[in-house]
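Next, two complexes with chain A in common: one pairs it with chain B, the other with chain C.
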Partner chain A sequence: MATIPVEEIAHPPVVPQLGILTHLLHNRKFTIGLAVILVLLLVSLIGAQFVDPAERRTGAFPARQSPSWDAILGTTSLGQSVAIQLTQAIPNSMLVGFIAATLGTVIGAIIGLASGYFGGKVDALLRILIDVFLSVPPLLFLILIASLLRGVSVPTMALIIGLFAWAWPARAVRSQALSLKERQFVQVARLSGMGDLEIVFRELLPHMLTWLGANFLNAFITAILAESGLSILGLGPQRDTTLGIMLYWALRYGSILQNFWWWWLTPVILLMVLFLALYLVHLGLDEVGNPRLRAHG
Partner chain B sequence: MFARYILERLAIFAATVFVSITIVFFMPRLVPGDPLGAVMSRLSSVGGSMSGQELIQEYRRRFGLDKSLMEQYFSFLSQLARGDLGYSILSFPSRVTDLIANAVPWTIGLLSLTTIISWVLGTLVGAIVGWTGGRNRFSQILVPLALLLYTTPYYILAIILIYLFAFYWPIFPLSGAYEFGARPDFSLDFITDVIHHGTLPALSIVLVSLGWWFLSMRSLIIAEQGADYIMWAEAKGLKSRRIFWAYAFRNALLPQATGLALSFAHVIGGALITEAIFAYPGIGFLIYNSIKGSDFPVIQGSVLLIIVSVAVANFAMDMIYPLIDPRIRTGSMR
Partner chain C sequence: MQRYKLWSLVVLLGLLVTGPAAPAFADQQEVTRAETLKIAIPAQITDPTNLNIYAAGSDRSATGLHQFIYEYFFYNNLQTGEFIPWLAESYEYSTDNTSMTVKLRDGVTWSDGQPFTADDVVFTYELLAKNPGMGNSAEVTKAVKSVEKVDSLNVKINLITGNPRFHLNREAFPAVGIWGALTILPKHIWEKEADPLTFKNSDPVGTGPYRVRDASQNGVTLERRDDWWGTKVFEVTPAPRFVQFTFVGDEQNVALALSNNDLDAAWIGLLSAGTFQQVTAQNPNVRAWTQELPFAWPDPCPRGLMINNDNPPFDKPEVRQALSHLIDRQAVVDLAYEGTTTPAWNIWPEYDGNIPYSEAIADIHEQYPIDTFDPARAEELLASVGLQPSDITVRYVVNADNVEEQKNSQVIADQLTAAGINVEVQPLTGNANADARLKGDFDMTQQPFCPGYPVENLELFHSKYYVPLGESAPWFERNSFRYNNPEFDALVDQMLALPPDATDQILPVFHDAMAIWYRDLPIIPLVETPALVPFNFTYWEGWPTSEDPWNMPVTWWATTGLVVTGYPDPATGEWVGGLEPAGG
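Our next item is the complex of A and B:
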């Protein structure tokens, strides 16, 4: 996914963070995307409160029913309501994205800051490590781990995905740290006796927040993609329900050829909407973080 | 400066291969739950027969679980250096390398064709739409459409295509790469059969990457449009058509071509899940079947092969790139 580097931030050391927030809230792409995500999450979380646990069991509904009043999105071959499955699948898929993206961004920021700020041998070593993990598609390692573990839970899956999601943020943060550390305000901070760690966290990090935000979203999207991909291959958290797992069962039971369209189409549409919304938020963040893009809108 | 560049790239290539192989070795030994023990018990459940016993002996020797970790590691490395990936559990006595060799041509054929088709289409349409900009009514439809395609995961599109063109209007086959029982050869019948079977998987890959090539070429052309040399050409009174093809298009093509070369690195590992969905007999389908049958040696071998192929392709790309872009050769890049 293409992110355009923010080469120059013309602001003095203390960035008015409030300004960024208002900019974001005025950005249509950002607000629409975020609204869609929040509505999906809230509707499923609230909906889940009204579901009787007995209705979650397999066979709680008559099997293979097209959408009706009893099951508004129809039922599966195993007699589950697709709508009820969604109330778990949407939050679970987002949880995978959130945990994995947080882990990836934090590890990436630490490695990138260390590499960019300290330079020298640390940088040489870390840069090779970053390049290595950039060039190998993480899905390969994930396939291998997941096929060894089998039957992971949602959080475990998220942690594993996160462990392989730090390379892009690390590279981005590193190049930011490289350009920022030569700036006057960092020099001033150094001369005024601030320690390295203090400079990194109090002077460099605040400048990268919108940037880390964009990277976080990238990682979020990639993580949900990875989860659903692994699930379709049969390596997902099969005891839980995620959007990927819903697709896996729908495909396994041949729902396309038996024309149970409600079964496979529901996770398909939700995944598409979710990705589009996340991408809009990402575009919005990019535009706010990189003012030159705003003109093109 | 150039020598340093080559050395650096070489180091990264070597590190990629080495680090990945090391991760692949330690993963099954560090993950909780003794997965290699599980592989062994799976072996004994497969084989009561003579061949099964042979296989168990072979893997007892291969994993060397009674030896120290370091010894295991070095014997793993020397096996790899000899190109020995061991035997499949599911289809013993087939070697993992043979299974992979049967699958890889399908994957390379499908992916290299689709990569080129979508690149050519996306680049041309993106350039024209970017150049004509707001005057073009198409761009108001094409840009959101491309965005939608680009954000859609390729396997989601595959599912939709199967429903539309293999079920609702059954004009294309549902799965496989050729009619069941057909004998692969170079007859016209077989080739049309292969094209017929390949259309849907190909279409799902082309459509998704088309969105990306379109969007990237469009923004590259828009960036060129504002450049001084374009305004100079306009001021000179050159025809718009000539400015477009000979100036803007040519300059925007360099980064776009780099993108193409980079995506060739992912030809082997690019559409694992699409292959699984279409039961297309490439490396992705091989991995999918091995996952279903708990055939760990085949999964490990395929993953290793894809990693090495990506690393080799990246390295080749790094070596070719200075020939295209002289700024790297002279070292004025960083």
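Our next item is the complex of A and C:
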């Protein structure tokens, strides 16, 4: 029997816990991405405070106006200001992303950890569940559910999307848990009398946090995309505004053909900016979490 | 160059948006464009194999069934005022109006060569009477006692009550005014079917000039029949060899297809004025009824909001009147219709012939100015029944296949919300949408009120069409809103017993009936309806326009058949109108 190297018995040297925030804040990709997201969110939230509810209504502005001082991003054919719509659309789209990504990541982590750590029958059962959810095309189900529930609200939409966002993280977490649980520090923890839950949350989970963070951002992007996709099909929340819904009405009411470029281009550009920013944060997180990349970065 | 790029982008986005619904043209390749009349329909056809015009779930219009497969006794040209004999030659009421004898045209045959006779008429009425699930059945049972064959070309229809207006009742008599009418079926085909409700009739036998060539969810192709009876009797052949009803996608796809000459016409409500003007800028061969604003032909069916009279608190007239006062109709016209129509305070079109009816009730309109936007008055009305705006939640059902309804719903929901009323917009499509309306599963929903004749439109509010919530009403505007007032019924019955030209006798009764109607306000009048129907003159000419108003510019009504073929002038017998190949 080989002797156990001291380093492996000692607490795992996964992430330099203290320095992570400093590292992140020194990472240019992360800071730029985060700054863009915060600026978008703050500008729209603060902007929303200055908008009189009456200004959100159809007919509040002259219809079909190109951008001017009165409506800096122009107006729709029903006389709504595109800029004012954004103050609701951006936070709502982010809310969809946030709820769906949180739900997907948390459910995924719990199922993945349980499946990987406990093994046996629990694993067999959960693995089937994961495989089923991985093999069905989520958009198909989302379209089906959304069309059955016609007239959904923004949070309901987010919940539906989130319920289909957990299978990938579950599988990834499960495989990590499978490998980690055989490592000696886990065996040491078990020998020292730690309970299963304690081991899972105190020994296994910390190793996966950076990965889960990256997955969260990925799911965030996917959820916003899914929401836009469903909304463009006319299955989104009708009385609320998201970037996808803005695009739906713009397309539905012939904005492209009538050259109302400000109407359809605005949500398109904002979706792109939002994706880019989230991707930058993701890259930053990856570089910090992955020491190999950090060394080169 | 820039324009080219923009168009590529447009096409690309169009493809993205309609990707899953892109029409499959593969099976329609031999159909040549120059021989084809292509009409855009607003949505996919739910079940293209179901061509049983009387079955729930079939589409009589987007499939061309009532335009080109079947034909009707008479066609009412509302534009010229002519009542055009077609499958029938004439009708005559008995002196007490309790029966009507119809003389059928000699020489009419079904598409399988069998003659069209009185037997088919008797059979159809009896089939409808025996099968309450069939469309038109309820209406036939209420109006018709029995139908007798006099000889092979004469039928006698016995009515339950004396009714000198029976020939205007499109639901119980095969005369088309607007939309469609009761359809006579070939006895020799249908008598073999055990259940006329489940019979799919995928290859329908009709008398019309076209037969079904193929049908898919994306559209139907019809092919001209060279053995059509009209070719022998009238010596006329319809110009298009094929007629295609095709789903190309939403507004911008329709606009693109029209610009590129991929379409010859479209359904009502597919193009807004702004988009239409873009199309005409791209393709000068496309026009509508008028060359300038409003472009649209005044459709006979004004738009109203059906309010569910059986759903509290909407069972209270005060609540319905309050909702009416909260709607700023001019804003709806300006925003949703881009100024192509006018606000409505009643439920008939402002045609010249209807003006005496509008004038006769001017005093009632003054007493109930329900079309004025007056939030203060609305609050008073609500307070009078102990309600506040925030107590009310309106479930507003919207047909998500209809851009016009969607636009109106956005504007109206905002107006009601502004007044403090809670509005839940529920978009529905296809059969779910039809079901919700007929079964009364809504608080509010937009609906055309047809046929647009003042007296017949009041009949829509008769409680003989009333069914409890959860059961299907006979037709959408035939009391899906569930109004029930015997006092009003009696007045309508009085009017219906008078011949349509007895205006002097009708008007006093009409006045009394409208006094009740405005007091109760069972539905909320909204706007007159603009029928902005684009016609493309590239392949076909002869389309009706304001300069040549020989027919109504319709593509979705049964009358469309006559737009394509033309018809013999009822007075002179001379052939009028019809489409011809452009430049031919």
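We take it that the second predicted complex is superposed on the first by the 278 of 297 C-alpha atoms of A that agree within 3 Å, B and C clash if a C-alpha of one lies under 4 Å from a C-alpha of the other, contacts with A are read in each partner's own complex, and residues count from 1 in each chain.
In this section, a residue touches a chain if its C-beta (ideal position, glycine included) is under 8 Å from a C-beta of that chain, and two chains touch if they have at least 3 such contacts.
All figures in this text were calculated on a predicted structure; none of them were measured in a lab.
Superposition note: with chain A as the common reference, chain B and chain C are in steric clash.
When the two complexes are overlaid on their common chain A, residue A:28 makes contact with neither chain B nor chain C. By the document's definition of touching, neither partner reaches A:202: not chain B, not chain C. In the superposition on chain A, contact is made by A:54 with chain C only, not with chain B.
In the superposition on chain A, A:63 makes contact with chain C only, while chain B stays out of contact range.
In the overlay built on the shared chain, the residue A:239 is in contact with chain C alone; chain B does not reach it. In the superposition on chain A, A:279 contacts chain B only, with no contact to chain C. Greater residue coverage of chain A by touch, when chain B is weighed against chain C, goes to B. Touch criterion met: A:254 reaches chain C, while chain B stays clear of it.
Using the contact criterion defined above for the overlaid structures, shared-chain residue A:79 touches chain C, although it does not reach chain B.
Looking at the shared chain after the overlay, A:131 reaches chain B, while chain C stays out of its contact range. Overlay on chain A, chain C versus chain B, candidates 44-52, 206-214, 458-466 or 548-556: the clashing stretch is 44-52. Annotation: chain A residues 232, 234, 251, 256-257, 259 touch chain B in one complex and chain C in the other. Partner chain B is touched in their complex by these residues of chain A: 2, 128-129, 131-132, 135-137, 139-141, 143-145, 147-149, 225, 228-229, 232-235, 247, 251, 256-257, 259, 261, 264-265, 268, 271-272, 275-276, 279, 296.
Per the touch definition, chain B reaches chain A in the complex via residues 11-12, 15-16, 19-20, 23-24, 27-28, 31, 33, 35, 147-148, 151-153, 155-156, 159-160, 162-163, 167, 174, 216, 222, 265-266, 269, 272-273, 276-277, 287-288, 291-292, 294, 296, 299-300, 303, 306-307, 310-311, 314. Residue ranges of chain A in contact with chain C, taken from their complex: 54, 57-59, 63-64, 77-79, 150-151, 232, 234, 238-239, 251-254, 256-259. By the touch rule above, chain C contacts chain A in their complex via residues 9-10, 13, 17, 250-252, 255-256, 272, 274-275, 278, 328, 331, 334-336, 338, 398, 400, 403, 406-407, 410-411, 413-415, 417-418, 423-428, 432.
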